[in-house]
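Take a look at the structures listed below.
Each of the next two complexes has chain A plus one other chain: chain B in the first, chain C in the second.
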Partner chain A sequence: MAKHKTPLLDQLESGPWPSFVSDIKQECENRAKNEKGVEFQIPADCPEDLLGVLELSYVDGETHWKHGGIVGVFGYGGGVIGRYCDQPEMFPGVAHFHTIRVNQPSGKYYTTEFLRQLCDLWEFRGSGLTNMHGATGDIVFIGTTTPQLEEIFYELTHNLNTDLGGSGSNLRTPATCLGMSRCEYACYDTQALCFNLTNEYQDELHRPAFPYKFKFKFDGCPNGCVASIARSDFSVIGTWRDEIRIDQEAVAGYVGGELAPNAGAHAGRDWGKFDIQKEVIDLCPSECMSYEDGKLSIDNKECVRCMHCINTMPRALRIGNDRGASIFVGAKAPILDGAQMGSLLVPFVKVDAGNDYQEIKDIVEGIWDLWMEEGKNRERLGETMKRMGFQKIIESAGVPVDVRQVQEPRTNPYIFWKAEDVEGGWDRDIAEYRKRHQQ
Partner chain B sequence: MAFISSGYNPEKPMENRITDIGPREYKEFLPPIIEKNFGKWVYHEIVEPGMLMHKAESGDEVYTVRCGGARLMSVTHIREICDIADKFCDGHLRFTTRNNIEFMVDSLEKAQELKKYLNDQKFSGGSHKYPVGGTGAGVTNIVHTQGWVHCHTPATDASGTVKATMDTVFDEFQNMRLPAPVRISMACCLNMCGAVHCSDIAILGIHRKPPMVDHKVLDNICEVPLAVAACPTGAIRPTKVEIDGKSYKTVAVKEERCMFCGNCYTMCPAMPLSDKEGDGVALMVGGKISNRITKPAFSKVVVPFIPNEPPRWPTMTKVIKQILDAYAEDARKYERLGDWANRIGWERFFEKCGLEFTEHLIDDFRDPAYYTWRQTTQFKF
Partner chain C sequence: MATVEFNGKSFEVDEDGFLLSFDGWNPEWVEFVKEQEGIAEITDDHQKVIEFLQDYYKKNGIAPMVRILSKVTGFKLKQIYELFPSGPGKGACKMAGLPKPTGCV
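And now, the complex of A and B:
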């Protein structure tokens, strides 16, 4: 018997898509029955009260969570999002309803053994409700009380060898596409780089020392499966700088119709016979491809590596062998100054596990040195870039100025010069000037 | 509900504390076939909706079956997912960057058996537990946020709007008949946690009323300069007010300069602004992240406001379907929604989608707004 009537939410149990309402209800039932005799450390009816307060929000058209909430674990300045219900008498089960961010493994591969351990812990000390996963990547445990935070952290670190994720003005939990684990497009081992940098910068992740939040994301190629160019202040996107490898026999296989274009991604509709001219050659953004006498050729020097031809004929075309990554900086959502995508800072860098990725770390730390000193309170890197100029970021990152860093050169002539770059400097005597030019 | 200690000693909090260990290493969790062929994949195929095959240099094949997840899920549900992975996949699975679930097996037969099994599982209310799909040129899962389930600044709900939308476009999750993939995202306020600013179609919670100011408590619970600095349009200034003969340090909001972003409330609990009638959703379209053919692009606002209509947001889902159908019918193969709108022109996009163009859709935020107006004689009647 449900604790609260939820006529509005009940309407979200129908329809084909997995219903979060049905799922929460089954958790309510399981906790009520408690067949395993779990000594729940927060109210057993916590998920019931969550449905209750959510139903009230559906009636009122407004949220019922109080503003903010500052809770955490000793030693860290983030990782837990405190939350309190604004109707605690009506819904005591969610009077405290804090979220814990748990750092996920790169690429989100799991064994059932590990997931079951997490579930056992969270059923015992929390609501039994999660997000798999938060947008930044974390495993999100939704809903527990303040006294349980240290207990959960103790069990996570001592028994599950797992740490919290990030929150606040710090390095947030880095995330990656699945990279080389199951993709032939991956230009570097995104998971290894993500894991390495997450560990390298644990202090920056757990103890806020920045003007504002800062995110890393790692994409194996320009397809952007973890959306790093839009969703991370520091985005590493795999690429290559030699030639696309062509298997002419497989090209013939596509032209002849034996192989489905785009690996069959459009199979649900009749788009006609594959036309290599129309679907590949004519769509290439730099027009650097041709197909003549049954032979595909690519003027690789003019290729911008957009991935279209490779995506369309994955069995015939493969990424080059001289691989690395490009680095983009400054992506952010609209608040305050407007949304930004990452801007190209480093066209090509080798991703070298052999030297512990030092070249990439030098760039990260160069940028942090500038931004930590100059960034204003709650100013994202992208906004510091806009305020101070991209030139400052190039300089602090210790990388060369490169025409690839712009979509186009500036149109206005409001050009700054440094005094030392101008012959004679800026110290001038008006009296000297007057000797040549009368008032 | 007796308290049970984990071993943590609140008397000596720093004793035996383990810190800075980071996440578990991904290598611990890779299925053996993935570990063996790591970095040695040659090509892949989408065998059928929701099913991928990756071929390795060794000749090994791994079949992946992808199914939808609600993202917000219980431990009961995760354990059921584990049961499936134990039964079919030797205890391995993964989650995608769009919160779908992927199960991997080593043969087509096993993949087909698994797909059938997943599609057969239902919740008591009738919805699928693990609908298979989300591959190729279709609609996959909706990246979304917390909404009324956990956040204090939303203008709408996340889980509810997403469920209503996915029910409406469900056929496209299980099919691959669109010109290109369509990414739908959702964020419940302008903080845009997630991918709203870079998606083919985006649902965004918005307010339409300025914040209320709780003058009597503001100075006690807010840093006034932070609230002032939080405003993108400079609508907030420090001031003093007199209430019942008592003077309070507080802020004043110039209402005609406020565009209801809610960022002052994020910084100052004394400035709440949520409102049943005022709040609702805006729809944005035409964003993308990949670099395929065209550059990554921001989504653009094409519907300035649709009221919140819980629990199923019928007007919102109808308009989303309208946009999706117009795109599916008119766009060329490989053309993302934004590429299509750019090619035909936005005047034609509004016509084909049956959307009204209003003054709210013309950018008026600072210098860059100019670059969104039309400085050419080229337009269509």
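And now, the complex of A and C:
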């Protein structure tokens, strides 16, 4: 028998999509029966009270969580999002309902053994409810009490060899597409780079020292499967700088209909016979492809590596062999001064595990040096860029100025010069000027 | 909200154990909070951090950014965590009686 009546939420149990309401109710039942005899460390009816408070919010059209919440574990300045219900007498099971961010493996590959251990821990010391995963990438444990935080942290680190993720004004948990593990477009080992930088910058992740939050994300190619260009202050996107490899026989296979375009992604509707001219050649943004006498050719020096032709004919076209990545900086959501996507800072950098990715780390640290010193309180890197100018970021990152860093040159003439670049500098004597120009 | 009693003094606090009012702070508060913040004994270094936070707050109406705290006190972030295990926000600001940090934490 459910603890609270939830007529509005009950409506969300119908329909074909997996219902979060049905799932939470199932966990309510599991905890009520407690067949394993778990000694629950927080109220067994915590998920029931969560449904209760959610139903109340559905009725009121208002949230019932209090403002903010500062809890955590010793040694770290982040990782836990404190939260308290604003109706604790009505819903004591969620009077404390803190969220714990747990650092996920790059690409989110798991063994059932590991997930079982996580679940056993969370069933015992938490609500039994999770988010797999948070938008930044973390495994999210949803709902526990303050006294359980250190207990959970102890077991995570000692028994599961797993750490917390990031929160606050620091480096947040980095995330990546699944990269070379199962994608032929991956231009570098995104998981390896993500793992390496996560470990390298543990201090920056656990102890807030920045003006505001800072995120890394790693995409293996411009398709952007982890959306780094929109969701990270520092976005590493794989690319190549030699030729696209063409298998003419496979091209003929696509033209002849033996191979489905886009690996069959549009098979749900009849789009007619594959037309290479219409679907590839004419859609190329730089118009650098041609198909004549049954032969596909690409003028690679005009190619912008948009991925369209490769995406359409993956069996026939492959990424080049001289691979690396581009680095984009400054993406952020609208608050405060408007949304930004990443701006190209480094057109091409080798992703070199051999030297421990030092070239990329130098760029990261160059940017941090500037932003940590000059960034205002709660100013994202993208906003510092706008305020101080992209030139400053280029200088602090220690990378060359490159025409590819702009989409178009400025149209206004408000151009600053450095004194040392102007003959004679800025110190001028008006009396000298007056000798040649009467007042 | 709750009231806690310690050595004959009483303090109004929220769920996270932050003082509701900066004016409610007095030296007994530090003694009361230190245990829950993992601090055995208040040293001159602790005192220096607390006093700076309070001066900055009185003057500016906000808590200082972490790097300003480091710069003025001369303590690197690592040393601040050695002094205050839960960090400058939850640890030092709470002891100094400053309002609870807010935002996307």
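By definition in this document, the second predicted complex is superposed on the first by the 439 of 439 C-alpha atoms of A that agree within 3 Å, B and C clash if a C-alpha of one lies under 4 Å from a C-alpha of the other, contacts with A are read in each partner's own complex, and residues count from 1 in each chain.
Operating definition for what follows: a contact is a pair of C-beta atoms (placed from the backbone, for glycine too) under 8 Å apart; a residue touches a chain by one contact, two chains touch by 3 or more.
None of the values given here were measured: they were computed from a predicted structure.
Participant: What is the contact status of A:D60 with respect to chain B (first) and chain C (second): first, second, both, or neither?
Facilitator: After superposition on chain A, A:D60 lies in contact with chain B alone.
Participant: By the touch definition at the top of the document, which applies to A:E184: first (chain B), second (chain C), both, or neither?
Facilitator: The first partner, chain B, only.
Participant: State whether A:I229 touches chain B only (first), chain C only (second), both chains, or neither.
Facilitator: Once the two structures are laid over each other on A, A:I229 reaches chain B alone.
Participant: For A:V71, select first, second, both or neither according to whether it touches chain B, chain C, the two together, or no partner.
Facilitator: Second partner only, chain C.
Participant: Of chain B and chain C, which one touches more residues of chain A?
Facilitator: Residues of chain A touched, chain B against chain C: more for B.
Participant: Give one of first, second, both or neither to describe whether A:D49 is in contact with chain B, with chain C, with both, or with none.
Facilitator: In the superposition, A:D49 touches no partner, neither chain B nor chain C.
Participant: A:E383 contacts which: chain B (first), chain C (second), both, neither?
Facilitator: neither
Participant: In the overlay, answer first, second, both or neither for which of chain B and chain C A:K213 touches.
Facilitator: second
Participant: Once the structures are superposed on A, label A:P18 by its partner contacts, choosing first (chain B), second (chain C), both or neither.
Facilitator: In the superposition, A:P18 touches chain B alone.
Participant: Between chain B (first) and chain C (second), which does A:M307 come into contact with in this model arrangement: first, second, both, or neither?
Facilitator: Only chain B is touched by A:M307; chain C is not.
Participant: Can you pull the chain A residues that chain B and chain C both touch?
Facilitator: Touching chain B and chain C on chain A: residues 66-68, 74-76, 81, 203, 377-378.
Participant: Looking at the complex, which residues from chain A come into contact with chain C?
Facilitator: 66-78, 81-82, 84, 96, 167-169, 203, 207-211, 213, 372-373, 377-378
Participant: Where on chain C does chain A make contact in their complex?
Facilitator: Within the complex, chain C contacts chain A at residues 15-16, 18, 38, 62, 65-67, 77-78, 81, 85-90, 94, 100-105.
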